[in-house]
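Next come two complexes, and both contain chain A; in the first it sits with chain B, in the second with chain C.
Presenting the complex of A and B:
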């Protein structure tokens, strides 16, 4: 009877979105009379930072500072259509829709500015600070504030745009089953080191080293926080969490947070996060969806580490002491 | 059923309400007084989201009857900022990206404040112990532990 060390590795591809019906998301962008921009969506920010990212995407596309953009995630009764925030699709789908809407709004904004400055709209550029300049003659300029006032009160224009993301529905080929169920893929690899007590079956995760390839990180600190939290959640899925430990028998399922186990602040493995950025061709400014996949590779990595430590394959989650001891017993019997 | 009067100090202001006997402090704060910073997570004392400070001690407002708080001094997370200036702990939570969905954050900040009030320079183990009654789904805890350690360092630099 001993504490045995093990190390496991796992690598994953993770699809962004789910193309079973076009996967649509729509967005509307309009300016207020003072040249702030409103993004209206039905997509939900549930803590992953959707509002911040959509504000950044809209600001970058129109050419204004991010704090000039307000994002209203409204609700599904009143907002533009969104399939939902799932399948790591939020940034990619809503982001593409916001870019399209913001481009249309930017075009109207430049047309109004062109009328005010008596130049061609195609000769104008934005400075990212809230001004529109004539290319090559930046002394000739107008603030977006003044452009919005002109549009609203003088020229009767709506500085607004409509955007949507929609891809053709992909049906499987009859012969091969091949299909294209998603767009770009994110990737991850995890190496986990564990200690397994072969007397009690208890697993302690010592280190988790993760590398994630997520397209371009539109907000690197927010990406990092999601990956750190996701890595913890992956360990939690691997070793602790289940509502029905003896599925389909409901007996012994957790009924509250005392019984539904998750690692607490005292149970944290040493965690490392490395981000690789390979911008995707179809993503908004190169982004992919890192959301769900950040909690995926830890699970097979821990299962492999347990195998490395004590030589048993646990193929049912979570990898509980009971399952390890039963497997060890079966192994000894053989 | 007859209403029961209850009176206490909440974040420096006198509050008085008539409540049904048996009302929890969480319910009284959120639905009677309108301070929604304590969150109702499990309503049975296992998640920590409803944590408040009563007479300097960390308490679960979902398990505290409001009528037992007569004359008490109660602090919630919504009372920490002064005139729009955030409390050092709130700043630290922002700086270390220690909040995602935000549901656990007020309870975490209450637990951390009681720790730092009693122990301005805690060890990492002491921070972990202080947060161990609070559940977070999003962050993996490490950013929250770092936030509390940051706030402690900021405190000691200000004191020096």
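Presenting the complex of A and C:
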């Protein structure tokens, strides 16, 4: 009886957005006389930070600091249609809609600034700090705040824009299955190291090294929180979770967090996250959707590591101590 | 976290100001100081609480329902049964033309899973609603139930859901979604080794911090405002509109700040019945799942079974892959026909294989209806595929990582569903994994890229 070490690898890809498309999202952007910009959506922030990302996307596109953008979302009386937050689609679909809306608003903003500065709009650029400058002559400038006031009170212009993003729906061909499930894919490769106690069947995940390719890390800190959380969820899925441990007997199903088995802080592996960025052709600033993908590769990587450690395959999730011990017993009997 | 900017530097411009910056989240201070308002923070004078009477049986005919004792319980205001729901038989994906309508808001004549909603009780307090629910008498005739997908697909199995007429979802392609690419039998015949293996999974719980729920308030003008933690505002509004036979302009949904979803809040379960309760009583209604309901009643991830048969050459090339995937929808469709379809579009994984055969089935059993969950249609498939890859590599005595390099898809490779590969990056992820995990592979694999075949 001993503690045995094992290492396993898994590599995966994952489609961004609702499978087969047909999932539109709209966005509206307008400036207020405060010089701020409002983004109006009906998308849902599940806690992953969608509002923050939409603010950064809008700010980048218009050319203002992120704290000048306010996101108002998820009121069906005010927000334009969004299919919803699922299928790793939030950033990709809503982000593209926000870019389109912000571009239209930016164009009006530059036109008003051009009138104020008596130049052509095409000769203007933003400095990212809240000012509009004449290219090559930055001393000639106007603040976005002043442009917003001028547009509203003097020029009679609405600095606003409409955005829409839709991947047309694909219908699978009946006989061959020819179809277009998605327009862009995120990627991952995970290496897990485990310890397996062959007396108790208990698995300890020592380290998980996750390499994720996500198109573009729009906000690296938020990417990190999502990818680390996903990696933990993957380990939990691999080793712990089931609503029906002895199905069809339902008596053992967990009904609260005391009974439903999940790893606690002490059970979590040393987690390493490395991000690669190959911008996707149709992603907002190249972003893909890693929200679901990040919880997938740990599961087979841990399963493969368990085999590497003790030489038994557990092909049924979750990989519990009971299943490992039964497999070891069967192996010894052979 | 490390950003490895050396990869794909030639196809990426790093000239952005706000994008790529680790800006602090504007909503974080509210979240961590308890100031953020969630739907359940809405409290209205005179608000009623809704509790469900649920089926104790996996499959049963309802002979009769007697609510008389419950109605007399102090604090009870209204009791709803199937006949009160204007369009009681529904399915949520009808919005994208995936029918038939196959589920009841409140059970009508039959229950098909243990936990199914039968009667809704609205009372002044949660306690009164709970106590009254216990007084509702339902007379059941227990029917044979089927829990296993393969059993459910056998002739003579108990029929789970009459709206389908058979225990599987009928796609336009037949009993399963199919992908056919190349000649899989010829591939197996030519292979040095053939390996067929079967993989299974259990349902799991989304385990959000905040349980599913909503609070509905009449606006006083025939409109109803529904404060909800749904993941999809208009999707839920539109389905509620169908179920309640109310024009969409009578419904106003407010949400967008949610304590975790993971796919568990797109089933449109709580909102329609709560709006109906508000409409019939003229009072605000709160319907919030207990933790027990969240864990045992709300849809889990589907149980799945995946059978993979591969033909592989001694040099590491996979020449044929046949995948049969089974998704256990439980008693009703919800999002499962979509999940099984998604699997068909995902297999054979991120590898270029010349001969592929895929069948994915959505199967009905008397289990708790499963539905969307982070990665569904793909997560269990990836578990099966990547364990299978490990087995194949060991079968031919090859390093598991090198084996994946040999088969990894690259730009331009034709996928089984007949889309050319674009934007591939699997090879680069594996190269970085080789470095980061100190898992050396042959130099030739470190020299290739996703861009050009054989470079």
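As a convention for this text, the second predicted complex is superposed on the first by the 317 of 334 C-alpha atoms of A that agree within 3 Å, B and C clash if a C-alpha of one lies under 4 Å from a C-alpha of the other, contacts with A are read in each partner's own complex, and residues count from 1 in each chain.
By our rule, a residue touches a chain if its C-beta (ideal position, glycine included) is under 8 Å from a C-beta of that chain, and two chains touch if they have at least 3 such contacts.
On a predicted model such as this, the values are computed, not experimentally measured, just so you know.
Of the two partner chains, both chain B and chain C are touched by A:262.
By the touch criterion stated above, A:47 is placed in contact with chain B and with chain C alike. Of the two partner chains placed around the shared chain by superposition, chain C is the only one that A:76 touches, whereas chain B remains out of contact. Of the two partner chains placed around the shared chain by superposition, chain C is the only one that A:285 touches, whereas chain B remains out of contact. For chain A, the partner that touches more of its residues is C, with chain B and chain C as the two candidates.
When the shared chain is aligned, no partner comes close enough to touch A:33: not chain B, not chain C. In the superposition on chain A, no contact is made by A:21 with either chain B or chain C. Residue contacts after overlaying the shared chain place A:231 against chain B, while chain C stays out of touching range.
Of the two partner chains placed around the shared chain by superposition, neither chain B nor chain C is touched by A:138. In the superposition on chain A, contact is made by A:187 with chain C only, not with chain B.
Residues common to the contacts of chain A with chain B and with chain C across the two structures: 46-47, 49, 221-222, 224, 228, 233, 256-257, 262. Interface residues of chain A, counted against chain B in their complex, comprise 46-49, 221-222, 224-226, 228-233, 256-258, 262, 264-266, 268, 271.
Residues of chain B touching chain A in their complex: 42, 44, 46-47, 97, 100-102, 127-129, 131-132, 135, 137-145. Here chain A touches chain C in the complex through residues 7-15, 19-20, 22, 42-47, 49, 51-52, 55-57, 59-60, 63, 65-67, 73-77, 79, 81-86, 128, 169, 172, 174-182, 184-185, 187-191, 209, 211-213, 216-224, 227-228, 233, 237-238, 241-245, 247-248, 250, 253-257, 260, 262, 272-281, 285-286, 291-293, 295-297, 299-301, 303-304, 307, 313, 315-318, going by the rule given at the top. Taken in their complex, chain C has these residues touching chain A: 1-5, 7-8, 11-12, 16-27, 31, 58, 96, 114, 147, 172-174, 177-181, 197-205, 207, 209, 230-235, 237, 251-263, 265-266, 291-292, 295-296, 300, 303, 338, 341-342, 344-346, 349-350, 358, 367-368, 372, 374-375, 377-380, 382-387, 389-391, 400-401, 404, 408-409, 416-419, 422-426, 428-430, 432-433, 436-437, 439, 450.
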